[in-house]
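Working notes, structure below.
In order of appearance the chains are A, B, C, D, E, F, G and H, and numbering begins at 1 in each one.
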Amino acid sequence: MENDPRTDDLGFARLDLDRAGRTGDPEVVYGAGKTPEQIVAILTSLERAHPERAVLATRLEDEALARVGEALPGAELHPVAGCVTLGPLPEGRGTVAVVSAGTSDARVAAEAALTARVYGAGVDLIEDVGVAGLHRLLAVQERLNAAECLVVVAGMEGALPSVVGGLVGVPLVAVPTSVGYGASFDGIAALLAMLNSCAPGVTVVNIDNGYGAGVFAARVARQSVLAP
Amino acid sequence: MENDPRTDDLGFARLDLDRAGRTGDPEVVYGAGKTPEQIVAILTSLERAHPERAVLATRLEDEALARVGEALPGAELHPVAGCVTLGPLPEGRGTVAVVSAGTSDARVAAEAALTARVYGAGVDLIEDVGVAGLHRLLAVQERLNAAECLVVVAGMEGALPSVVGGLVGVPLVAVPTSVGYGASFDGIAALLAMLNSCAPGVTVVNIDNGYGAGVFAARVARQSVLAP
Amino acid sequence: MENDPRTDDLGFARLDLDRAGRTGDPEVVYGAGKTPEQIVAILTSLERAHPERAVLATRLEDEALARVGEALPGAELHPVAGCVTLGPLPEGRGTVAVVSAGTSDARVAAEAALTARVYGAGVDLIEDVGVAGLHRLLAVQERLNAAECLVVVAGMEGALPSVVGGLVGVPLVAVPTSVGYGASFDGIAALLAMLNSCAPGVTVVNIDNGYGAGVFAARVARQSVLAP
Amino acid sequence: MENDPRTDDLGFARLDLDRAGRTGDPEVVYGAGKTPEQIVAILTSLERAHPERAVLATRLEDEALARVGEALPGAELHPVAGCVTLGPLPEGRGTVAVVSAGTSDARVAAEAALTARVYGAGVDLIEDVGVAGLHRLLAVQERLNAAECLVVVAGMEGALPSVVGGLVGVPLVAVPTSVGYGASFDGIAALLAMLNSCAPGVTVVNIDNGYGAGVFAARVARQSVLAP
Amino acid sequence: MENDPRTDDLGFARLDLDRAGRTGDPEVVYGAGKTPEQIVAILTSLERAHPERAVLATRLEDEALARVGEALPGAELHPVAGCVTLGPLPEGRGTVAVVSAGTSDARVAAEAALTARVYGAGVDLIEDVGVAGLHRLLAVQERLNAAECLVVVAGMEGALPSVVGGLVGVPLVAVPTSVGYGASFDGIAALLAMLNSCAPGVTVVNIDNGYGAGVFAARVARQSVLAP
Amino acid sequence: MENDPRTDDLGFARLDLDRAGRTGDPEVVYGAGKTPEQIVAILTSLERAHPERAVLATRLEDEALARVGEALPGAELHPVAGCVTLGPLPEGRGTVAVVSAGTSDARVAAEAALTARVYGAGVDLIEDVGVAGLHRLLAVQERLNAAECLVVVAGMEGALPSVVGGLVGVPLVAVPTSVGYGASFDGIAALLAMLNSCAPGVTVVNIDNGYGAGVFAARVARQSVLAP
Amino acid sequence: MENDPRTDDLGFARLDLDRAGRTGDPEVVYGAGKTPEQIVAILTSLERAHPERAVLATRLEDEALARVGEALPGAELHPVAGCVTLGPLPEGRGTVAVVSAGTSDARVAAEAALTARVYGAGVDLIEDVGVAGLHRLLAVQERLNAAECLVVVAGMEGALPSVVGGLVGVPLVAVPTSVGYGASFDGIAALLAMLNSCAPGVTVVNIDNGYGAGVFAARVARQSVLAP
Amino acid sequence: MENDPRTDDLGFARLDLDRAGRTGDPEVVYGAGKTPEQIVAILTSLERAHPERAVLATRLEDEALARVGEALPGAELHPVAGCVTLGPLPEGRGTVAVVSAGTSDARVAAEAALTARVYGAGVDLIEDVGVAGLHRLLAVQERLNAAECLVVVAGMEGALPSVVGGLVGVPLVAVPTSVGYGASFDGIAALLAMLNSCAPGVTVVNIDNGYGAGVFAARVARQSVLAP
C-alpha cells in the first residue's frame, strides 16, 4: 500500500521487489493499528517470500512483540524500539549517529537507529546528551564529526539540533518527539523549534517519525565516502 | 491607564505616585500608537510634575526620538532600544544580566536592559552569544553567575534560555522575539520553546516584551543580596 | 537525564551533586510515566546515596503514593500535591506566597508550594481567593506584600495574576492550569491571558507547571532580603 | 444587505422599514470598505427617505467623517467612536453601562455606547477602570448596579468582565478588543478569556464588535423595568 | 470557590447568601469531576442549610443521578439535562425560549432551560427546528417573538442563531455545542460561526455552556416587562 | 432531526418522505453515538414503514453490525464500510468512481461507495492507487475517465486528488481521512492540501466524511449523460 | 505552469491544447502577482495562438483591467469579477446558479459565475439572498431547483449553504469568502461552517476561490440532462 | 551573528574562518532587513578579508541588487534568486537536483540551487514539473536518479515531494513555499503535507527556506560517491 509510510501488504511487496533489489531497502511492516495475529501473519509470509532479505516491523506493542517472538523463533526483538527484524541485515556502509537527550526520547531514537541499520548504514547511538548539560555533548564531538549523517532526537523545546548543528557540519536530520506536556502540544513546540533552527543545514521529519529519519539518514550515509 | 502594560496618562501618574515613592518605579510612557507630538506633550508634563524622578518612554520610532531630542534637551535618547529617559536614574542595586544572540534581537535586549536600569537595578548587557557558537557562551559563564537575575532574549527556535539555564542556577526570565520567518509565526515558535524549556526555573514573558522582563528582573535584583 | 524538566536517574544525580551542594537544590524524581516500582527503586537509591539531602518526587498517582508509603517509612506523603519528600528539608529563607482561587487549582498550587519549600524557601499558601470575590483577595493584601516572590495559579480565564499584580509590586510568576472546558483549550486561554497581563512584571510558566514556578520562586526568595 | 452586520443599502432599508417601525431600531450604514463619497451618498439618501428616524454610520475614518460633516450639516459627528448620527434619537429607555479600562479601548467603547443610545437605551459610559487598579472599579459599583445591562470592553488579557461579573448580577456582554501585541493575537487572548469567565452570566461578541454589543444591550435595557 | 463557573462549597455558599437573597439566584453544584458520594454530601448539606431555597446540581453522570435519587427523596432528577434540583423553585418571571435543532443538542438545551427556570424565569423549550428544515422554524416564529430572551443551541456549522436572529428582534444568546466530527473541532466551528453572525444583537457563550446561557437569559427575562 | 448530517428519527422520516419520493434518496440512520439496541429499533421501524425503499445505516461498530444481522435477517451487512442496508436499492444511473490508496483509507472509501450506490448511482471502487506508485494510477486512467463523478479518498499529505485531477477532467470530490500521526493533526494536513489543490475543479468535504461525498457524487452522476 | 491553480504560460498552453480540445475548457491566465504589462503580453500571445477559443484572465486589479482594455480592443472587461475574456465563449450547456448574500461577496460570486460561463455552462446569478432575510431566499427556490449545479458564496458565519442545501437537492458547491473581521479569521470561520454543514451533499472549495467553484460547477452542469 | 540563519557580521566571519577552511562553506550575508548601504559595506569588507573565498548574499531586493552591482564590479548578480556572489566558487562535487513546478516557486528554487552551488555541489535545476502534469515529471526521471541529493520545492498543496519520492530513492529535502491563498496559510498547508509525505525518506525545511535546503543538500552531495 503506497499511501502509508511503510510497505506492508504482499501485493505491495511484490511491486517493490525491484526497488529493494536496486537499493538494498528492506521489507517493512507498519505495526500500528494491526492485531498481533495480523503482524505474525504478514511477517511469516514475508519471511517465506524473501528469506534472503531483511524485514523490519515497527510500532509494535509489547503483546505483539511477545507473539512474534513465540511464532517466529528467528525473529530478533528490539523492545526499546518497539520493532522486530527478520533475516540477514545488509552490510553497514557509512555511519549514522543517532543523538538524543534521555530516556523519554529513547523509543524514537532506537527506532531511528534500527531503521538506519536495516537500511544499510552503520549506526552510532549516542544518548544522554541534553542541552542543559553541555559538557556531555562536548565530550562526544568527535563521534559526531565521524558520522556521515546525524539524526538528532528531542522533545520539549527541541533545542538539541541547533546546538549540535553549531558544533559540526555533518548533514543533520532532526526528529521532534511528543515528549512534554501543556504547551508542548504533543511535539508541535519541538517541531517548530527545529524548523526555525539557527544552525544552517538542519532538516526535519514528522513528530516521532524515527523511521523516516532513519531511512533518510541511511540513504545519505551509505552513498558517502568521507575524506580520511 | 491601567489596562495597558505601560502607564502613560497624567491621571494615572497621580495614582501611582505612592507606589513609585515606595518602590522606586519610574513614570512610563508607552509610545506605540502615539504621535510624536503626543509623546513630547506627555513627557513635558511628566518632567514638570516629577523633576526628581526618572521617566521612561518606550517603543518610539526614529521620528519620535528626534522630536523628543529637539523639544527636551535634558532627555537621553536610546536609539537601539527605541527609548528615551528623563530625570535622574535611581541607584542600581543588584545586577540584571541581559543575554542575547545577535543584532536582530538587539532592540528587545536593549529595551530590557534599559528598563531594568531605570527600575533600579544594575545591568550587564551580554550580546553575541548564540547556541550555535557555544564557546562564546561558555566564556561569559562567570558574568552570568554574578547576576541576581538573567533576562535571556532569543528569536527563531528560542533555544538560548535552555542552554543558559543548564549552565547556571540564577533566576532566568526568557523573552521570545518575533525574529524569523515562515514557521516561526512571528515569535510563537520561540515562545513555545521557552515555555517547554528542559531547564527548570525558567519563566517567560510575551513576545518582544523586553519592558516586562526588565521590570520583573529589576524587582528581583534590587531585593537580592548574593552571598559573597 | 537533562532533556527532562526533572532530574531522575542516578547518573544525573552524580553530575548534579556539585550544583546541589552549591545551590541547595534537592534531588528530584519526575513520576509521570513511571511505574510505582520504578519510583520506589529510584527513591530508595537516592535516599541511600544522599541521606543528608532532600529528595522530591512529583506527579505521583495515588497508587504510587501508597507504594512509596509502604516501602519507605521515612517518606512524607503529600497527597494533594501528588508528591513525596524524603530527607531533611533545607532551611527556609525568604517567603514564597502561592495564591490560587479554589479546589480545582489545588493540586498545581500544592506542587508549587511544596517545590518552593524543598528548594529552600519559606512558603505561605493562600487559597480560595478568586477574581469573582475581590473582598477575600483584598483581605490578604498584607500577606502578599510580605512575600519575596508570588506564585499565582489560575485556570479558566487566568485573570488572577493581573489583579494580584495590580495590588502589589512583588515579583510574580503566573501558572496557568488546565482547568476549564470548551474554549479553554486545556489551559491555553489562561496561558494567553497571563502572557498578556496588563500588570507589568508578570512572568509565566507552562500549563500546570507548578514545579517550575516553585523552583524559580524559591531561587528568588532565598536570595532576597527585604527591607524591614 | 443581510449578509453583513450592518444594513447599508436602500433596497435593504426598504425591507427593514417594518422591523424598524416595530422595534425602534435605526437605519445603519457600515462604513468599512466604503469610500467617503459612497458614505455621503448613502446617508443623503437615507436622510431624505426617513427624516423622522435616526440613522447611524459606523467605522468611519477621519476623512469620511470630515466629508460627511461638510456635506450634511445636520449630521452629528462622533470622532472617538468613528461614527455619525443623523435625525432625532429615540427616547432612552433603561440604562446600558459601558465599562472600559482606558484610552486604547476608547473607540470600541464609544461605538458600543453610541449604538446603544441610537437603538433606544440610555447610556452611562464608565472609562478608566482596569483590573490593575481595583479601587477605581469599586468606586463605581453603584453605577454598575443601576444599569439594566452592562457592556464591558477589554483588550490584552480580557480580565475585566470576570471582575465586574463578580461584583454585580446585572446581565453582562463582554467585548474583546484587538489591543495588545505578541501573543494577544489581535484579540484572541481576550476573546478566549471572556468565553472562559469564571463569573456566570457573561456573554461575548466578536473582537472589536462594539456595535453588536450595543444593539444587544439596548434590546435588553429598553425592555427592562428595574425595581425601584 | 470563585474560580469555578459554579458555586459548590459551603464556605462559598455562606458568602453568597446575601447575593442569593437579593437576586433570587439558587445554590449551584458543578458535578463534573466529583464523585457521586461528594455530590450527595454537598447536596445534603445545602438542603439542610437552605431548605427554603432552590438548589441546582449540573453535569451529573447517570450513576450520580441514581445515587442522588436514592439518598435525597425530595430531589427532582432531570436525566436529559444531567441535573438535579432540590427545594422550591422561584416564581417564573418573563419567558426564556430555548431553541435547538435536535437530539444531539438535547443535553445542552435541557441544561440551559432548567438553569433559566431555576434562576427565576419561565421557559419555553422549542426543539427539532434546524436550518435544513425552515418550515418548522417558521412555524414557531410567534413563540420566539413572545419570549423576553432566546437561547439558541447548535452544533456543527452553528447557523441556527443567524437564521433565528434574522426572524425576530429578541435578545439572543447562542450556545455552540461540541456536536460534529472532523473539522468541527469539538465545537470551534460552531463557536466561530456564532461570533461572526450576520444577524446583529447575537451574543455567545462557551462551547456546551448551557448553564451560563441559562443564567444570563434568566437575568434578562426576569427583569423585563414586555409591552402587551 | 435536521441539525445532523443523517436523518434518523421517525418524525424526521415522515417529513422527508416527499423529498425521498422526488429524489430517490434513501432513509438514513447515523449510527455513531447510538446503542446497538437503538439502531435495531430504528431500522425495524423504518423497514416496516417503507418496505419498498432503501434504508442505509452508517458508522456502525462491529457489535452493532452483529446485532442488526441477528435481528433483521433481510439486512445486508457491509463490515468494511461499517454500514448496513435494508430494502431494494435503486437502479444505478451514471457511475461514481471511488479512488483510494490503500487499506487505511478503506473504511471511508467503502462508506462513500456504498452511499453513492444507495443514493442511486453505479459505483466503480478503485483501491490501491497511491501517489508513490504512479504506474498503478496511470493504469486505471480509462476507468477514471469513464466515470461521471470521482470521489478521491486520501490521508496523510492528501496529494492524490491533485494527481488524479491533473489526469482527467471529471468532476472530483476529495475526502481527507484522519489517517496519519504527528503533524497530520487527525486529517487537517490532508484537508488543507485538498483545499489548495493545484488541479482546478476539485471540491472537498469534511474529514472522514465518505457519506457526504457519496451523496454529492451520486447526485451528480445520476443526472449526467456522458457522450458515447 | 501546473503548480498554480490557473494555466498561464505559453509552454503550458501548448501542453493543454489536447485537453482543451477534448473538454471545451478555455485558456486561463491567473493575474495575481503579474504586472499589467505581463498580462497584456500573455493575452496577446494566447489570442494570436488560439483565435477560435475562449481565454479567461482572473484576479486583475483595476489598472490591469484598464491596460488590457486599451491594448486588446476585442477584450471584454468584467470589472466586478476582476476578469477579462477574449474570443468566442462556448455554448452554455446546463445551468449553474450562483447564489450570494450581498455586495461584499459580489466579486467572488461574479468570478464564479463568469468562470462557469467560460467553461461552457449557462449561468443564473442570484444575489441579495442572505440567511437573515429568509423570505427573499424562499422567493427564488424555483430558480435554485432549475439549476444543474449550485455555487453558494458566503462570508462571515457561512450559513447560507446549509440553508440552501436544506431547501433543494441540487449538487451544491460552497465558497467561503474572506468577508468579516475579528474571529472570522479571513474566511476560516465560514470555511469551517461549510465543511460542517448539516445539509448532506455540500462540498467546499478554498476561501475566495470562485474560479475553482466555477470550473467544478460547469463540469457538472454541462454533462447533466435534467428530467423535463 | 549566530542567532540568525545566515552569518553576516565580521565578528562572526572571524569565528567561522576555521570551519570554512575545513568545510569549504562560503561567507554568507542575510540581506533581509538590511539597507542596500549596509549590504554593500558588509560585502566590501568580506571581499577584502577573503579574496580567495566565495561570498554569498541572499534575500536582496531589486534596489540592493542594483547598488551592489554598481559598487562591486566583480559581483555576480542572480536576480531570480535575489542573491549576489563574490569571489571564486568552489569546485562542484556531486550533484544536487533542484525540482520545482513553475514560475511562482522560481525564487525559492533559484536560491536553493545557487546556495548548493556556492556550498560546493554541482547543480541540476529542473523547473516546470508539477503533479498535475505527470508526463513531464516522468520525462526527467533519469536526471532525478542521477543526483546525489534532491531539493523539491512546492507551494499550495505541496504534493510534489511525495510523487518524486515515489519515483526515486535519492535523499530528498522538501521546501514548502508561501505560494497560494486562503487556506494555504502562507505555506502551512504545503509544510504539513510534506511532513506527512507517504514517501519514506523525505525531510523538510522551513517555509521558503531555499537557503537551508541548499546548504543541507550540498553537504550530502559533496561527500557522496555514487556507484557507477
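We take it that contacts are C-beta pairs under 8 Å (C-beta built on N, C-alpha and C of every residue); 3 or more make two chains touch, one makes a residue touch a chain.
Fair warning: this is a prediction, and the values are worked out from it, not measured in the lab.
Common neighbours of chain A and chain E under the contact definition above: C, F.
Of all chains, the one whose CA centroid is most distant from that of chain C is G.
In summary, the interface at B-C recurs among the listed pairs D-G, A-B or A-H; the equivalent pair, sharing over half of its contacts by residue number, is A-H. Using the mean of the Cα atoms as each chain's centre, the chain most removed from chain F is B. Mean C-alpha positions place chain B and chain D at a centre distance of 37 Å.
Chain B and chain G have CA centres that are 52 Å apart. Chain E has residues 2-5, 101, 130-133, 156, 166, 182-184, 188, 191, 195-196, 198, 206 in contact with two or more other chains.
This structure has the following touching chain pairs: A-B, A-C, A-F, A-H, B-C, B-D, B-H, C-D, C-E, D-E, D-G, E-F, E-G, F-G, F-H, G-H.
Across the complex, chain D meets chain E through its residues 2-6, 19, 22-23, 25, 28, 148-149, 166, 169-173, 191, 195-196, 198, 200-206, 211-213, 215-216, 219-220, 223-226.
The touching residues of chain C, counted against chain A in their complex, run 1-5, 9, 11-12, 15, 32-33, 176, 178, 186-188, 191, 206-209.
Every residue of chain B that touches chain H in the complex is listed here, in rising order: 100-105, 128-133, 136, 154-156, 160, 179, 181-184. Considering their complex, residues 101, 130-134, 138, 156-159, 162-163, 165-167, 180, 182-185, 188-190, 192-199 of chain A touch chain B.
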